[in-house]
Amino acid sequence: MTTNTAPGAGQPAKISVQEVTKTFALGRETFTALDRVSLDIADNEFVTVVGPSGCGKSTLMNVLAGLETPTEGRALVDGAPVSGPGPERGVIFQQYALFPWLTVRKNVEFGLKTARVPRAERRERAEHFIRMVGLEQFADALPKMLSGGMRQRCAIARAYAVNPSILLMDEPFGALDALTRVKLQEQLLDTWSKEQRTVMFITHDVDEAVFLANRVIVMAARPGRIYDVIDVDLPYPRSEEFRLSPQFAALRNRVWHSVYHQDGRTAPATSPAPSVTPA
Amino acid sequence: MTTNTAPGAGQPAKISVQEVTKTFALGRETFTALDRVSLDIADNEFVTVVGPSGCGKSTLMNVLAGLETPTEGRALVDGAPVSGPGPERGVIFQQYALFPWLTVRKNVEFGLKTARVPRAERRERAEHFIRMVGLEQFADALPKMLSGGMRQRCAIARAYAVNPSILLMDEPFGALDALTRVKLQEQLLDTWSKEQRTVMFITHDVDEAVFLANRVIVMAARPGRIYDVIDVDLPYPRSEEFRLSPQFAALRNRVWHSVYHQDGRTAPATSPAPSVTPA
Amino acid sequence: MAVVTDTAAPTDTGGRNGSPQSRRGRPRGLPLLLNAVSVLLGIAIWWILAASGLTIPSPVAVVQRAKDLLADGTLEQDILVSLGRVLAGFVLGTAVAIPVGFLMGWYGAVRSLVEPWVQFFRTIPPLAIIPLAIVLMGIDETPKIFVIFLAAFLSCVISTFQGVVNVDRTLINAARVLGTRDLGIFARVVVPASTPFILVGMRVGLGSSWATLVAAELIAAQQGLGYRMQNAQLYYDLPTIFVGLISIGILGLLMDRVLLLAERRLTRWQERR
Amino acid sequence: MAVVTDTAAPTDTGGRNGSPQSRRGRPRGLPLLLNAVSVLLGIAIWWILAASGLTIPSPVAVVQRAKDLLADGTLEQDILVSLGRVLAGFVLGTAVAIPVGFLMGWYGAVRSLVEPWVQFFRTIPPLAIIPLAIVLMGIDETPKIFVIFLAAFLSCVISTFQGVVNVDRTLINAARVLGTRDLGIFARVVVPASTPFILVGMRVGLGSSWATLVAAELIAAQQGLGYRMQNAQLYYDLPTIFVGLISIGILGLLMDRVLLLAERRLTRWQERR
Amino acid sequence: LLSACGKDDSSSSGGSGGGKTEDVKFGYIGDYNGTSLLAIADDQKLWAKHGLNATTRVFTNGPLQIQALGTGDLDFGYIGPGAMWLPASGQAKVVAINTLGNADRVIAQPGITSIEQLKGKSVAVPEGTSGDMILTLALKKAGLTKQDLKVVPMDASVIVSSFSSKKIDGAGFWYPAIATIKKQVPDLVELAKNDDFSSEVSFPTAFVAGNKVVAEQQSKTQKTIAVLRDAMQFRTENMDKSIELTAKMLKIPAEQVKADAANVKVLSVQELDTMTKDGTINKWLTGMGDYFVGAGKLKSQVDPSTYYTGDLFTAGAK
């Protein structure tokens, strides 16, 4: 299996997943959540991951976050093997994982407090991100008082606040309405293009995957593996018009096709082998 | 405020929400999650609800489910005021709410056991719905071993299994990939049209809302209220081609517009007053 | 999604199913009223038992004795002394139990080393500890407080440990990806998340502390409720024993209320019934 | 998302942060080894204390006495009798505590009625209950088992109650919308969801049961570990007292292990560290 | 252990033997004083001889037995001198005096040679026991009161550890516990012993019966007294055997019982009869009563004849 190299193949990869296999015990059997997955992500790249439910997207993210140890293979970040989580890799969990005993504000400030950011600055930064996700009215509410989408936005603000150089986002906009979603997509792209950020963004929305990405990784299930990699060689900033452009539609269809017609478990029509797609 | 009556206005409504207001204490202030919401849903109607995050969709559903008592107004089901939950109203929660100590199978069987369905039939019915949501390989797995989308599918199977005449679904397909989602949408429509069912389906996906609904209810936030009601007078069964039809596109745009341009807090262009939309 | 602090009027409870929902909406006085009813009922049963010829003193005799003991200042003095001992032992015990329970829950090695002894000492009656305590600590306040400390510690540590073990791993992961290290996770995630468990431990520990008081005051006490009761036992002075028991019961109850209040404040964030 | 039962090889633990993750991956023998080390250490300290002139018997003397007591069957007999009492009291206490705790957590009225008395009796030393128990129940097995029952019940009920109060409301709602009524919710949601709390209660209650044994066997016991210890106290026969203490400790430890095993089985579903 | 004595009888004379066999429930404490007579009665089959079927139950102290007498769970029991105020206050009847305790001492740490030197020192005492009594007497003799010392009330078990670890300067205490302390503090000083006060107070141990038993079950009472008298006779004649039997019944080493017995003054039946008749025993009990009144356990002096049924005891002499 060759590596799915990043576009700028010359420079060393920011994130490098090397032949990672992850199995879980499922009763008496073992279940292969990731099967020899290899993937390089370049610095400042924006990668989206799509794939059917249960194909190992979250597992892959957890390996990169340092929360799961691969059964085989290894993950490197900045050339060093991942041995645990770190604040340079911000994570937005699929299940939000807000601290239920803290208010929205305190949740957002959590990482800043760990980083010993002085009180006033902490407050200010938290305020900024709370406003960004539109929760200013609920800054002092506890998570149990928030709606599903509001919880998710709080989790987003919390991850953004520590200003990580790598963002690992697991369906971060999944619970949001179209309006909020578009707003947050634009903000994300904005920050990403202005500051040096590497983003891995899991989604099940093909439009979103194409709209945001430099590259779309399509995963397949049973065993979890990379099935296709689709480059989105289109310039940023991407506006609403971009969504309506024919290139967008074409790419969207290609990704859709790749996700949708995996059933036969053969490689996608346009690529020669299951998880090998030359960049 | 007039009532948003169901299409078949002659017959008595299956579900009737009458001037329901729900406020929460938020620190010292009170927060109005629902502001005099009125809505009738006819028997065998499929209603989808869209609206910005935090506009009170889940709260409205909880009122109908009998899990929240309205601060003012009342909710009727089959003409009788809702005084608590009942198995005739199946609920799929936004946060899944699986029993973590039960396997997928046992979760799905939970309601059947309450209904004293004999063991063999229970097993069989659970099996059927587990297969429907594609979890047959994970029937004996615990919720903690499931991916986000798999948990959601398990919750769906659990609600379907008790065969309720009313289905209250809170973003039930939110965590699913496109493929699974489309499959489940079709299954849902199929069951709904074959059996006598009334469905209230919350989603933030405008396409989904239009694709599934007899009527799309658009809600607005602060205070949570019904902003617009859009009839989808198109025949079932709705196929993939329907998604590509111009009527679909038109309705989709109209809903999108209604959700997207609420910002000014005025009524939608096509309707005279905030939450009054004659059917 | 649960809504706990809803402002729904307490009247619209609705049928049968309304009950669990409306608990919070119930007028505040009712539980207190029921408390009072319950206490009065208990006193009535006691009175009947006493009147029916059992060898227990009647409430009147006990109240009379309490008055006497209050009049000459004995009871106040005893209460003060015992309260001091219990508070000292309990506070120390809890303060040590929480970090130890955390270390046991967090580091497998600590757990393996400490657990056998915690379990062992939990099964040993405080009376049996006293000789050792005296040998090591003399006959002043130290061994008395130590015995109470031990009782509180042993009740609380097991609970804290369990609480730590039960903390949702997702939350720990969330803190870790925000850069938080072990110490921060302990203070900022594990402690708040296991507060319900720690509070169970504290409440049980509080009970044990009071229950151990009598044993503790076997050690050369000059005053205190436990001492007074032992002394009364020698003289078969049942009214005084009852005064002691009731004083201990009431003090324990009051301290428990304080803990409950603390709990309510500390776990308001919980989605619970 | 947490993954608890991962099959990752125990070797790839990784640096500092690996520790909490790899707990489950650790070879099974290590904790047992550490347990053993800990016990040996404890015995060593005891030996040193004994050798340094404290009034405690040396391990050798205690082992010798244990042998003697085993040889004539006394110890076996005592263990059997005491174990029977503790088991009866503990099982009864727990069996009553769980439904009572549930009722207290579920129905505010029950709580208001019962709680003052639970709190009150928790603070009362078992020694003080004995006279009443004798008056009401005579001097046979009943009062002995009752005293142990009370200890187990009071420890367990508070924990169960707390567990019930802490059950996630979302899960209760999920059961209710599936048509489940109160009784079903109790058995199928509240009990499993509060298992961790109930088990804390049972473990603490087990400790209390054993610790109360000595008090219980004050009531005209003819045999049993507690009786033997008291009898030995008359003669200041410290080795026998130690044999009793250690037997109680070991039995308590073993029963606790059984509970722990049960817990592991019952709470395998939990996402925890 | 348990009711070995009762068992063999119940099978032989449970009603088949024609003679009416009565059941008797007897409590005792597991030391030489409390156990020896029962061990003898058991061994010599004295219960059966007098048509009784006895169940014996061991207790750890006197007051519990008095309570059990009150509830009818026991017919007879055994108490030490410290609990004598309970029958005096009407809670039970003394049916027989057993022995005189001779084990109490006032002890002090090495270097202290007289009671006077205890002034201002911390002296432990198990309140309301014979240890308390001997200290009180010793102080009185030396012209001191408890106020002159720092008296620390302590449980007996606590005194052993406190004295051994030199946390206290003195104690009103007893053998065999003092023997345990001696192992740690071999040169401890004995400042006073029972014999010093034999003229004023004695420390009798006694068998007691429930008020109802004495009043309503005369034949049972008589038979029991007869058993006790026979056993006393045997004990006076076979001291060594009595120690052996006691050790067997209590399942403890004979040396321990022997050490225990060394501090007991065993009284023969004849002596008891004489002393009952000439009022010596009433004098002892009055002396005890004085002490209890002084200690606040009794409100006022009680005439011993109201609770010591000496006539019943001597009636057994036939």
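Order of writing sets the chain letters: A, B, C, D and E. Residues in each chain are counted from 1.
Simple rule for what comes next: a residue touches a chain if its C-beta (ideal position, glycine included) is under 8 Å from a C-beta of that chain, and two chains touch if they have at least 3 such contacts.
Since we're looking at a predicted model, the values are computed, not measured.
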Point to revise | Minimal step count in the chain contact network, chain B to chain D | key: 1
Exercise for review: Note down the smallest number of touching-chain steps it takes to go from chain A to chain C.
Suggested key: 1
Review point. So which chains are sitting against chain C and chain E at once?
Key: D
Check your understanding: Taking each chain's centre as the mean of its Cα atoms, which chain lies farthest from chain A?
Key -> E
**Study point:** Chain pair with the greatest number of C-beta contact pairs
**Key:** C-D
Exercise for review: Considering only mean CA positions as chain centres, point out the chain farthest from chain B.
Suggested key: E
Check your understanding: Using CA atom averages as chain centres, what separation in Å is found between chain D and chain E?
Key -> 39
Exercise for review: List the centre-to-centre spacing of chain A and chain D in whole Å, with centres computed as mean CA coordinates.
Suggested key: 47
Review point. If you average the CA atoms of chain A and of chain E, how many Å lie between those two points?
Key: 85
Review point. Where does chain A touch two or more other chains at once, residue-wise?
Key: 24, 58, 66-67, 84-85, 93-95, 145, 147-148
Revision key, fill the gap. Residues of chain C that touch two or more other chains sit at 1-5, 17, 55, 127, 131-132, 135, 170, 173, 176, 270-271
Check your understanding: In chain E, what residues contact two or more other chains?
Key -> 67, 71, 157, 160-161, 164-165
Study note, to complete from the structure: In the complex, chain E touches chain C at residues 63, 67, 70-71, 86, 89, 91, 122, 124, 127-128, 152-155, 157-158, 160-162, 164-165, 167-168, 296-297
Practice item. Could you pull out which chain E residues touch chain D in their complex? Key: 1-3, 27, 29-31, 57-60, 64, 67-68, 71, 73-74, 156-157, 160-161, 164-165, 176-177, 179-180, 183-184, 250-252, 256, 260
Review point. For the complex, which residues does chain A have touching chain C?
Key: 65-67, 84-87, 89-91, 93, 95, 97-102, 110-111, 113-115, 142-145, 147-148, 158, 162
Review point. Contact residues on chain C for chain D in the complex?
Key: 1-2, 4, 17, 19-20, 23, 26, 30-35, 37-39, 42, 54-56, 105-109, 111-117, 119-128, 131-132, 135, 154-155, 158-159, 162, 164-170, 172-173, 176, 182, 196-197, 199-201, 203-204, 206-208, 210-215, 226, 229, 238, 241, 245, 248-253, 256, 270-273
Check your understanding: Which chain C residues qualify as touching chain A in the complex?
Key -> 1-5, 170-171, 173-181, 184, 188-189, 192-193, 195, 267-271
